[in-house]
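As structure tokens, here come the structures.
The same chain A turns up in both complexes below, where it pairs with chain B and then with chain C.
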Partner chain A sequence: MALEAVDVETWSNLIFQGVLLGILYSLIAMGYNLVYRANKSINFAVPQVVLLAAYTALITATATGRLEVALASAIIVSVAVSMAIERGVARPLLGRPPIALIGATLGVFYALKGVVLVVGGSEVAVLPLDIDYYRLGALTVATNDLISLLGAIPVLAGVVLLHRKTSFGAAMRAVAEDAEGAAAYGLPVRRLMLAGWALAGLVGGLGSILLAVKTQVSPDLEYYAIRALAASLIAGLDSLGGVLLGGIVLGLAEQLASKFLDPYLPGIGSDIAFLLLLLILFVKPYGFFGSERIERV
Partner chain B sequence: MEGGGLARQNTLYIVLAALVIIIVLAGAYFLLAGRGGEMQEETTPAEATPTAGEAAPKEEAKVIEINVGLLVDETGPTSDVGKGYARGAEAAFKYFNEKGIYTKDGVRVKINYIKRDYAYNPTLAEEFYREFRDRYNVIAVVGWGTADTEKLSDQVARDKVVYISASYSAKLVVKPYNFFPAPDYSTQACSGLQWLATEYGAGKIALAYDHKVAYSRSPISAIKEAAKALGMEVVGDFDLPLRATEADAERIAREMKAADPDYVWCGNTISSCSLLARAMAKVGLDAVLLSNVWGFDERSPNLVGEEAYGMVAGISPFLYPMFASGVEAYNVIYEAASMAGVPKEEVTLRFVQGFLNVWLLVKAIEEVTSQDLLERKGEALKEVLESRTFDFGGITAAPLRFQEGWHVPYKTVFIVFLAEDGSLQLKGKFTAPEAIDCAKVTIEGG
Partner chain C sequence: MPPMLTVSNAEIMYHPYILVIKNLSLAVEKGTITCILGPNGAGKSTTLKAISGVIKYERGKVTRGSISFEGEDITNREPDDIAKRGVIYVMEGRRIFKELTVKENIDAVAYTTGAGPDEVKAVLDYFPRLRERFSERAGNLSGGEQQMLAIALALLHKPKLLMLDEPSLGLAPKVVSQLYSTIVELHRNEGITILLAEQNARKALEISDYGYVMENGRIVTEGPADVLREDKDIREFYLGMGKARAGYKSVKWYRRKKRWV
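Moving on to the complex of A and B:
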């Protein structure tokens, strides 16, 4: 399809949806990055934590009919499970090679998958929300688009500001840079690590709810979270601010590839995340904003 | 103060550690149950004695034990409909075993079912099939998806294993050992088009389906031929992923809108079809969305949203439980559900689909002699399936009659419409246009 054949309405909605999806990816991706900064490893359990939070929200929303209760319950579960993983899995593995935590969180992924199957039963449903549509020039925006957008941006900004502008954030940064040095200065390293995981749970839970509001509560939410890992790696695992760009690059790439390449490569939209990741890592092995680690021997 | 803080901290750690242990243990248990499903009370003999499928007679008790494979998707991309199907199939196995299955000459048969979740991965399905065959000597399999069932169809014919699938692909109707209690997808879709033509007249139709997925692609060539026969114009093939994001659905709805269709066909499962319905309402595409049997069910009113009410319909070869008052045969399903701890209100179309596949197998077993079941196994079941009429008392849109070499048991479907007030309405039964044999079109189309 020739680019000139695409009208303004199509372009503007395509870009809006790509950016919005990207922002939601960023929120989940931030969960990966927060854990990486704390433990220098990847938490592969994130997709199941996201799914568990979404089904918890669905259950509470069904019981109460209130979205805010659903949101609170999802965040509580997500934070509690993240903290539990830190205490039960990550902390005993402190000092071990990063691959140990990767393996362990993969184990937690499968264990949680079983829990999600029982809790959610692979159900597909939508959260209780009246959806209206608004036309803003060429753009059509729905209530759920606005909620997702307005919910995600302050949280992303809040976490970045927390890290950059507060003493708590400075302490977390110190732990991320050099945990042993931070301990020598009397910082409560373990508590800060736990806080990092809790924060990861918070953004994961919120991301899960906003995704569910945007689309549906379904087992497919797991795949959003898996693709968000690509956004995290594109940005650089230790960059918090960069995830926004990583997510948006990914969201736009998916939409544009689906629109223009799908006729030649069916299904490219859902696969582009990892193709893109591969290409970027060839050029920038630590992602766009990741700091290069120099091993001195 | 310090001590109190420490105690609180320790309590917190203990609670967190306990939570992790509970989650891990529960997860491990249910994951194992989900993958294997071989909980003792369900499948003990099959698990304990892998060769029980030799159908060894138990003279003293007059019970024949047979092994049957149950292949499901509870964790893959079709789990949105697969979970309910698996639940229905398992309830049926338990129910009929409990009630007693008897061969034609009065010998009791006990079915040991071995459940495997293959997550919609055809390669894994092949592995599990080999396990069913070589380890458990199954004489039948109650299976799931199109790609895997089509892939296994020649093998099951060589092994003489009866294969009753949830895939209703037309390519399976010529395979000697493949059966399903419904018209094939192509015939179903053509019947749906017949409804559109009857209800609204000829018009333009757009097709949305996952171009990479065998199940979604299955009826497309037949739909195109049927549309021609009914005076409809096909205005485009749109690639809607089975795991569509809302953004995908919206993009496709916009592309469709440019083609200005009167009707839209959705050939995916309920998750992506309902996202498409929502997206159509969002972009203002004023067309009737018709989904295949796996793309629409009792959840649709909730999933598509109010804006799509009055514009969405679904095809089903089976009567929805909500329309079954007075249909005596449904009491069997309700009784089985109750026995399995499933409340009546949770008996859904998906549950019924799983249940019926097992019920068809049970009906076939009841028509063979114990000697045939022991000696000729799947071959005997196939002969019976091809020589009797199976009546499910109104649950299926018509009684089933398979012919040797042509396993299309009937050609009629129910149409269920989502009315403007959000209720589901049974529009009646519709049959594919006489002028065209839709199953044949798909088979010949390759």
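Moving on to the complex of A and C:
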């Protein structure tokens, strides 16, 4: 399809959907980053936590028929599992090389995969929600788009502001930079790390349910969460605000690729994430906002 | 009255197998400045890390013996618990949070100690320079300013025992002198007991009441600072004031070590 054949309406919807998807990616990406900041390692269990949260939401939604109950239950499960991984897996591995935690969370990934199969099987379903469509100029916005947008933005902003503006946030950033040094100054390092994992669970759970609202509950959500890791790496693993850009870059790339490249490269939409990551890391090895530390000799 | 801090027969290991310190005993009396002298790798930092509990973060621990503070056992406790008791460790190499501004550094520690604006002000009165650079990223401060910030952060805890690890390292002599006079001032005005690990023996002995000399993970000599200052070996090897000996060979490091061990 040639570019000029695409009209304004298609363009604006394409971009809106890309940005929206990107914001949802940012939520999950932020979960990776919060854990990275605490433990200097990657939590590979995230995709299964996301899936577990989504199936929990599906079960509670089917039982009660209410979306807010589903939302709350997804977040509670995600936060609880995330904190349990910190206590059970990350804390005993404190002070070991990052690879130890990567391996351990991969183990958790497969363990949770089993749990997910028991809880949700591989069911595919939509959450109970009446969807209306609104037209805003050239843009068509659905109810579930609005819910996703309004759910994600305040939480993304809230976590960033918490880190930037409060003394609790300053303490969390201190631990992120130098846990041992923070311990020497008497900061409650373990508690702050646990708080980091809890926040990661919060954004992951929210991301999960909002993705489910936006699309559907299905085993595919796992792959969304894996692609969110690319958004996190594009932003820089230790950047919090940057994930928004990382996510949006990824969301747009996916939308545009599946629109324009799919006829030539079938399936490129869902594969573009890591291709993009590869290209970007060639140029910016720490991602766009990853910190290259200031050194003074 | 027993000493404020007692380390008795401590054995310290890293990473289950690496023995660093064997049979270390030392005591810090309340209201004094005590120093631990010794070359690189002697075990000074390890000792302070073990006392503060920070050693856990390097997978180390005290495997034998004990450490007690104000009569209570603090061996292998969590660092935040030990800090709460009033033992604060200012690590080597100016371990401040370089990505954070001076203000955020203070906020982060104040979050833990609950220090209010008055306490922060009292601490900053010792370091007026920090006030001028309040919104600067700590990584952009000069070495001396970073060391001031490190000590200021420790002071937010109102420490009873302040452990300083090589505060003079990498600083210009003039800055070192300023820093040392601030340390003495803190000691006098706030009544803080100080345990100082230093390679700069001359400076350390100037302000100390008592000193230990460590080599290869053990204490090879100890005594009141004025006695140490007059000690023949210390004058020669740490203060560079002894008579030059005949021949290069006899001054070699391993020779010196042999006589002390």
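To be clear about the criterion, the second predicted complex is superposed on the first by the 292 of 297 C-alpha atoms of A that agree within 3 Å, B and C clash if a C-alpha of one lies under 4 Å from a C-alpha of the other, contacts with A are read in each partner's own complex, and residues count from 1 in each chain.
Rule of thumb we're sticking to: contacts are C-beta pairs under 8 Å (C-beta built on N, C-alpha and C of every residue); 3 or more make two chains touch, one makes a residue touch a chain.
Remember, it's a predicted structure, so these values are computed and weren't measured experimentally.
Undergrad: Look at A:104 in the shared chain and tell me whether it touches chain B only, chain C only, both, or neither; answer first, second, both or neither.
TA: Neither partner.
Undergrad: Looking at the overlay, does A:84 come into contact with chain B only (first), chain C only (second), both, or neither?
TA: It touches chain B, and chain C stays clear.
Undergrad: Looking at A:250 after the superposition, I want to know if it touches chain B, chain C, both of them or none. Which is it: first, second, both, neither?
TA: After superposition on chain A, A:250 lies in contact with neither partner.
Undergrad: Which partner does A:259 contact after superposing on A: first (chain B), second (chain C), both, neither?
TA: A:259: touches chain B, not chain C.
Undergrad: Could you look at A:94 and tell me whether it touches chain B, chain C, both or neither (first, second, both, neither)?
TA: After superposing on A, A:94 lies in contact with chain C but is clear of chain B.
Undergrad: Please indicate which partner A:195 is in contact with in the superposed arrangement: first for chain B, second for chain C, both, or neither.
TA: neither
Undergrad: Check whether chain B or chain C contacts more residues of chain A in the superposed model.
TA: Between chain B and chain C, B touches the greater number of residues in chain A.
Undergrad: Using the touch definition from the top, say if A:168 reaches chain B (first), chain C (second), both or neither.
TA: In the superposed model, A:168 contacts chain C only, not chain B.
Undergrad: Regarding the shared-chain residue A:185, is it in contact with chain B (first), chain C (second), both, or neither?
TA: Second partner only.
Undergrad: Name, in rising order, each residue of chain A that touches chain B in their complex.
TA: 9-10, 13-14, 17-18, 20-21, 80-81, 83-85, 87-89, 108, 110-115, 117-118, 121-126, 130-131, 133, 140, 142, 214-216, 218-220, 223-224, 251, 254-255, 258-259, 262-263, 266-267, 269-270
Undergrad: Which stretch or stretches of chain C touch chain A in the complex?
TA: Touching chain A from chain C are residues 52-54, 56-59, 78-80, 82-84, 88-91, 95-100, 104-105, 107-113, 137, 139-140, 143, 146, 153-154, 157, 170.
Undergrad: Of all residues in chain B, which touch chain A in the complex?
TA: 13, 16-17, 19-21, 23-24, 26-34, 74-75, 77, 79-80, 82-83, 210-212, 239, 241, 243, 245-248, 250-251, 254, 270-271, 274-275, 278, 281-284, 299, 302-303, 305-307
Undergrad: In the complex formed with chain C, which residues of chain A make contact?
TA: Contacts found on chain A: 94-96, 167-168, 170-171, 173-174, 177-190, 291, 293-297.
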